[in-house]
Amino acid sequence: MNNHQSTPEQTRLERGKHALAEIDGEAGEKVIEALADIAPDFSRYLLEFAFGDIYSRPGLGLREREIATIAALTALGNARPQLEVHIEAALNVGVSRDEITETIMQMAVYAGFPAALNGLFAAKAVFAARSPL
Amino acid sequence: MNNHQSTPEQTRLERGKHALAEIDGEAGEKVIEALADIAPDFSRYLLEFAFGDIYSRPGLGLREREIATIAALTALGNARPQLEVHIEAALNVGVSRDEITETIMQMAVYAGFPAALNGLFAAKAVFAARSPL
Amino acid sequence: MNNHQSTPEQTRLERGKHALAEIDGEAGEKVIEALADIAPDFSRYLLEFAFGDIYSRPGLGLREREIATIAALTALGNARPQLEVHIEAALNVGVSRDEITETIMQMAVYAGFPAALNGLFAAKAVFAARSPL
Amino acid sequence: MNNHQSTPEQTRLERGKHALAEIDGEAGEKVIEALADIAPDFSRYLLEFAFGDIYSRPGLGLREREIATIAALTALGNARPQLEVHIEAALNVGVSRDEITETIMQMAVYAGFPAALNGLFAAKAVFAARSPL
Amino acid sequence: MNNHQSTPEQTRLERGKHALAEIDGEAGEKVIEALADIAPDFSRYLLEFAFGDIYSRPGLGLREREIATIAALTALGNARPQLEVHIEAALNVGVSRDEITETIMQMAVYAGFPAALNGLFAAKAVFAARSPL
Amino acid sequence: MNNHQSTPEQTRLERGKHALAEIDGEAGEKVIEALADIAPDFSRYLLEFAFGDIYSRPGLGLREREIATIAALTALGNARPQLEVHIEAALNVGVSRDEITETIMQMAVYAGFPAALNGLFAAKAVFAARSPL
């Protein structure tokens, strides 16, 4: 799984769109659509900065990036929709279900059991929507 | 880098001590010592649960576990000493300086620029203490 | 838009009720009602301290106060109902829809994209309930 | 109300199951069941560490432990299901409805009014499910 | 240990001053002094609302109130000076050192080990300043 | 006070540098320098995204933007250095000392008294460094 390193002629927006499609898939597209009538520029920043700049950097694999994001969102515990998108994304870039649940369980040590429990229930919902556990 | 899977005859405490030594090294020992006169049982829980139970599980590599921890502690932004211990720990288990800074920079997307900046300055301090940047 | 500076003869409760009505309107009243059977004194503190003391102080305009509140609640990300009440309140005291979305978008810098996204979706819901976007 | 101090022959798991049953009752059992197909080991950690180790320690009464937990979960504001479980648990170990609402109201001072409001509404829901207010 | 229930003729400010003196002692006074040149009205709100209104309510004992506050501030992990003041305050109203460390240790379950560790080190500092451990 | 709207020929980086200089002044420059040896690209993102994109948008005044940032950083309570930079920045763009302390005091309502107290002490330090209170 390669990161999305820019070719010189690609714009940040193009690179971000490409990265979002590969990482978040359909769930990412829905977020972009949902922003269209309230803050279309914010979609652009999400694509350009988050995906075109950060996720496209070569120094860390996408698998590790998604593990980091799942860890952070589980620990913060206040962004369930985005946590679900990134559990989906982690599966898309080759993180296994087991690795996802291990990452979330580990958050009990750093953010407490309720954060980890709520993360596990988010994973359960995403896994179940893809295929029976 | 293998995880610390239990052999049947190892107690959780022994397994945790072994894992702590390998992962956190000297910094981990200092935490245990600092707890001795205020809450010695808490050292035991840290060793048994965090290291003996969680970090010793086979389903996720130690490199990924440390990336997850750095991500979470950077995002939470309220545990600088523990973040420094785990930046050190990440280096101990084979995460590169670049991978650490990438993980922290990514947190700007999930927890904002101040959290990422403070994480980068923690990394800068740990890296500098080991050897010049 | 004037703040609710006390006239000498007004009690904190009266001043708070007046400020709540002007700022939060119907949404504020519903909160007071919802507290009636569980913690009626808490309604009083909300009226007296939050509205009678703080919002009635002359040193900062109500427009700025609502921008500050929207920023904080978006950044904290764990109080959606109150964020919606204050998006409504901001509109009531003359903050424009654009200024509200700008405030929320800016929180991506300080609290991350998920916090800002969830804030934007709260604004979208409030705006849509008032009139089509 | 005694804490669940271990008898020598009890395992941590047995002690934890006993403590969970007494403290959380049916709500605790449901959490354990919900974890069965996603992370069964996590149930075990919850029982062993949270209930077998921490809640079974003799140095603090169960009433005080539940007050502490309600305070923390109200202040954090990102774990509503667990807050409801512990409001239930507090009632189970002899904390009165008044003491619960006092604890939550006090959180307005330490974590703000929205956190306290959302905690009060959680208490209202739990109280109402048990018997009319 | 009685709470500071108002006598009819006491103002909120008087009641708050009395409660602050009994609960926080010298540490509370220092906070009031430190605010004098930046926000003197804020001292008044702290005395009137936090101490005159909330801590003076009869429905929960001061011991329980301080346990709740220590739990919340440990869990939030971003207010070390106030946590130290309330560890001191807890001792002032009859909470034992053991009960304080138990309360803080329990926060590992709800807010993670780093929050609990930093809380324990705050307690260690306060205890040591009073008398050797 | 105008925002930094792009002229067509300005790059995001140029626009961001210009905005940072006007808003954060010397304090902003120091952050950029401090990043030079650990994560120089992160400086660029800070300049391009935070200042070149967000702060340069025309829909909200710089005064309001700084009030929003101070509110958020006070409420989050885990980014003291950045809070100080933005108290300085607020003064630079015409927010008065009174408006700053009002904004911070208001955070007692949304994030609790400790967050507001620590914000006020940050303001006190910044004000004192500029000129005696």
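A, B, C, D, E and F label the chains in the order they appear, each numbered from 1.
Everything that follows uses one rule, which is that a residue touches a chain if its C-beta (ideal position, glycine included) is under 8 Å from a C-beta of that chain, and two chains touch if they have at least 3 such contacts.
Which protein is which chain? UniProt says A, B, C, D, E, F = 4-carboxymuconolactone decarboxylase.
No experiment lies behind these values; they were computed from the predicted model shown.
S.K.: Quick check on the contact graph: shortest path length from chain B to chain E, in steps?
M.R.: Each step joins two touching chains, and the minimum needed here is 1.
S.K.: For the sequence-identical pair chain D and chain E, determine the rotation angle of the Cα superposition and round it to the nearest 5 degrees.
M.R.: With C-alpha atoms aligned, the rotation comes to 180 degrees.
S.K.: If over half the contact pairs have to be identical by residue number, which pair among B-F, D-F or D-E is the repeat of E-F?
M.R.: B-F
S.K.: Taking each chain's centre as the mean of its CA atoms, which one is most distant from chain B?
M.R.: C
S.K.: More C-beta contacts across A-D or across D-F?
M.R.: A-D
S.K.: Please name the chain that ends up farthest from chain F once chain centres are defined by their CA atoms averaged.
M.R.: Checked the centroid distances; the maximum from chain F is D.
S.K.: Using the average of all C-alpha atoms in each chain as its centre, how far is it in Å between chain C and chain D?
M.R.: Each chain's C-alpha centroid was found; their separation is 31 Å.
S.K.: With chain centres taken as the means of their Cα atoms, state the distance from chain B to chain C in Å.
M.R.: 40
S.K.: Could you please state the distance in Å, as a whole number, between where the Cα atoms of chain C are centred and where those of chain E are centred?
M.R.: Centres of chain C and chain E (C-alpha means) sit 28 Å apart.
S.K.: Can you check how far apart chain A and chain B are, centre to centre, with Cα atoms defining each centre and the answer in Å?
M.R.: Measuring from centre to centre gives 23 Å for this pair.
S.K.: Check each residue of chain B and list the ones that touch at least two other chains.
M.R.: Answer for chain B, listing residues that touch two or more other chains: 41, 45, 49-50, 54, 57, 73, 75-79, 82, 101, 105, 107-115.
S.K.: Using the contact definition from the top, classify how the chains connect: line, ring, star, complete or other.
M.R.: Here the contact pattern is complete, since every chain touches every other one.
S.K.: Mind listing the chain F positions that touch chain A in their complex?
M.R.: 41, 45, 49, 53-54, 57
S.K.: Report the residues of chain E in contact with chain A in the complex, numbered from low to high.
M.R.: 75, 107-115
S.K.: Quick check: in the complex, which residue numbers of chain B touch chain F?
M.R.: For chain B paired with chain F, touching residues are 76-78, 101, 104-105, 108, 112-118, 120-121, 123-124, 127, 133.
S.K.: If we count contacts the way the header does, which residues on chain D are in touch with chain E in the complex?
M.R.: Within the complex, chain D touches chain E at residues 49-50, 54-55, 57, 59-60, 63-65, 67-76, 79, 82, 98-99, 101-103, 105-111.
S.K.: Give the list of chain A residues in touch with chain C in this complex.
M.R.: 31, 34-35, 37-39, 41-42, 45-46, 50, 73, 76-79, 81-82
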